[in-house]
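First up is the structure itself, then whatever we jot down about it.
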């Protein structure tokens, strides 16, 4: 089967990303390494959200919770002197999966407006929980004691090494998500989104598949959280703020909902747009100082007029 | 823990409850009738607070400020509905969530542009400040009693409008059968705009009332909006009765929980444990409550406006 | 006479003051094609929904192959061998024609917690799906997006999907609704090939289809069955003619 144009574009992008560290070193612009690493970490989070949102049709407004859980897993373990990366990241994934299971068990049964509000409410609950625990900094947050250690294998303090770790995980998750979506499991999930009544009539019960997808998605996002805190070296409950959830959703939409390349394109687009609005010297001060106003307007316009997102501009498999 | 403290916190809970109700009522109507997820409803509450503060500063007359702020909130609501929200009625919930999310960013920043990012100081008139002696030796702020009074009065008014007037009948009909109402020749667009404006006014009222009690700053809408969501989920989408019951429940549980959970825990746990767990658990209380309600009544306690 | 494959006993369903199903005793024998007809508003759709599991009766029971299935949801009834096609086409619009049928086969095959193998390359799904498409005459449109099919082709797809779960009993809700003369004739010919090997409960307005296919006909008026019998008996029944056939001429 010949890959669709979209697949080529995605492969090309990943190759381009791989070329960044040497390029950045050659041009002596470490800033871009940092920026793109951040883009990729959010792309991982957006990919996880795309699974349940794009393919599952579940409008989860609480996804930032898992970024927070993953980050806190690393941060809290580090607080108690445990720096082993394998352990930290396993806990990040495991804890996120567990929380997703707990929240999902209650919320996945609902749909529509209820599901949106419930996922939002639970995320805020975790946010307030994070704020109220003074031990770990409360609402000020705390510094990461040390980066996750993978003794002998990789030193995350090396920017390029860390960059490639993130890139590898992104590529891996993109591949895994693709396989998941094409499998029987993915089909059942998409069928439930496409026509729930019919799915039931032919014998699918949507709940177990949706819950499983919800848990997988949460776990993936938990790893993104672990990566994020290693990137920022600082941990705050703001990771879990609902506006962050909104940003993740926008990345999925901007990039193209229900496509493989979408989350990466969307993360890049949104983060670069935010950076641009905040710091581009060509923009008047009135704009950069209140960039969120303009971002808000742009986002509204995108939703109203450009539903298919960036990936929609490139022909996909069925076109 | 004494009776006076309990009474005081109960009144505080009641005050939070009616505030939540004012915001929830408009939102649940919009959910139920127009099937619109409006995350920007909190922004209308914020607008009310800012306008109330502004007009009182400018005119010095509280009743006038209230009237102007109400009118202003309603106007902002109607303009937003006509300009940005009309096209969203046909769209799916995801689009509505994202578009109204964009509106939140817009409004928060707009308010910051006009009044700055720091919280502004909101005052109440002389004759409303001061305390009232309630039976049993409790001295309670007059203004908070005023809020409770106004909130309950509005609840009563709402019940009367929905149950006894033509507009209320249209609202109930629109909630259960939109195409039919349109087929009867009712101008659905106008009805929607009226409902939305009404809801905006209620949210604005809540904002201008509690501005002096809580702080007036960009982003204040979102803080309370989450609690409003919990209210609506518990009460049932589209039900005003549910919004009222849910609001009182949430208001009480949250206030009493924050006040009394830690000392209650301290009787069974060590002081340090209670110190740590108390506030954390208290902040989670209403969400746990929501989860429990959902486990038994997935559609909330009450059915939609009948 | 062996016990019926499907039967309802005293089925009753009311929506407030409106009694949609008023104490219906209904039975279908294995291998027969049993049509349910009645004027609009007689409660046929409500009745079908109680058979398929989308609605729960207030009182009364539904028995299938001797088992009480009254409380079973649709997905469980599907597994027991009771499949339904929908009056208002209900397919997976963003999947291809082939994939629609493959999904039905996949659902029937058991749980779908298989995460690795691509479903579109799975021969155990694709082959039977193509077989079914051939049976209903849609194999030429296998790769077409389901939403692009014509109305008649949608109805054919509906039946293919219902057949995919290898049902013992097919509930067909107005299979020729909205079809032109040629298309309905084709559909009727196809349904004739199923007679005997499958038990069919057919809800239809099209009298030509009903009289060609049905072994027995039940007439539903205001939620009650007023007559059951062979096509000849029903044609001759004066009460039925007055209440219903009279309108059709």
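Just so it is clear, A, B and C label the chains in written order, and each chain counts residues from 1 on its own.
Heads up, the rule we're going with is that a contact is a pair of C-beta atoms (placed from the backbone, for glycine too) under 8 Å apart; a residue touches a chain by one contact, two chains touch by 3 or more.
As the structure is a computational prediction, the values presented were derived from the model and not from experiment.
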Remaining chains grouped by touching, chain A not included: B | C
Chain located farthest away, centre of chain A as origin (C-alpha): C
Central chain (distance from its CA mean to the mean of all protein CA atoms): A
Euclidean distance of C-alpha centroids - chain A vs chain B, Å: 31
Rounded Å distance, chain A centre to chain C centre (Cα mean): 44
Chain centre separation (chain B, chain C; CA means) in Å: 49
Contact set on chain B toward chain A in their complex: 31, 35, 37, 84, 87, 93-95, 97-99, 101-110, 112-113, 222, 226, 229-230, 232-233, 237, 276, 279-280, 283-284, 287-288, 290-291, 294-295, 298-299
Chain C to chain A touching residues, read off their complex: 52, 54, 73-75, 78-79, 83-84, 86, 90-95, 99, 102-104, 106-108, 111-120, 122, 145, 161, 164-165
Chain A residues within the chain B interface of the complex: 53, 59, 61, 106-107, 109-110, 112-114, 116-118, 120-122, 124-125, 128-129, 131-135, 242-243, 246, 249-250, 253, 257, 290, 292-293, 295-300, 303-304, 307
Contact set on chain A toward chain C in their complex: 179-180, 182-188, 190-191, 194-195, 197-205, 208-209, 212, 318
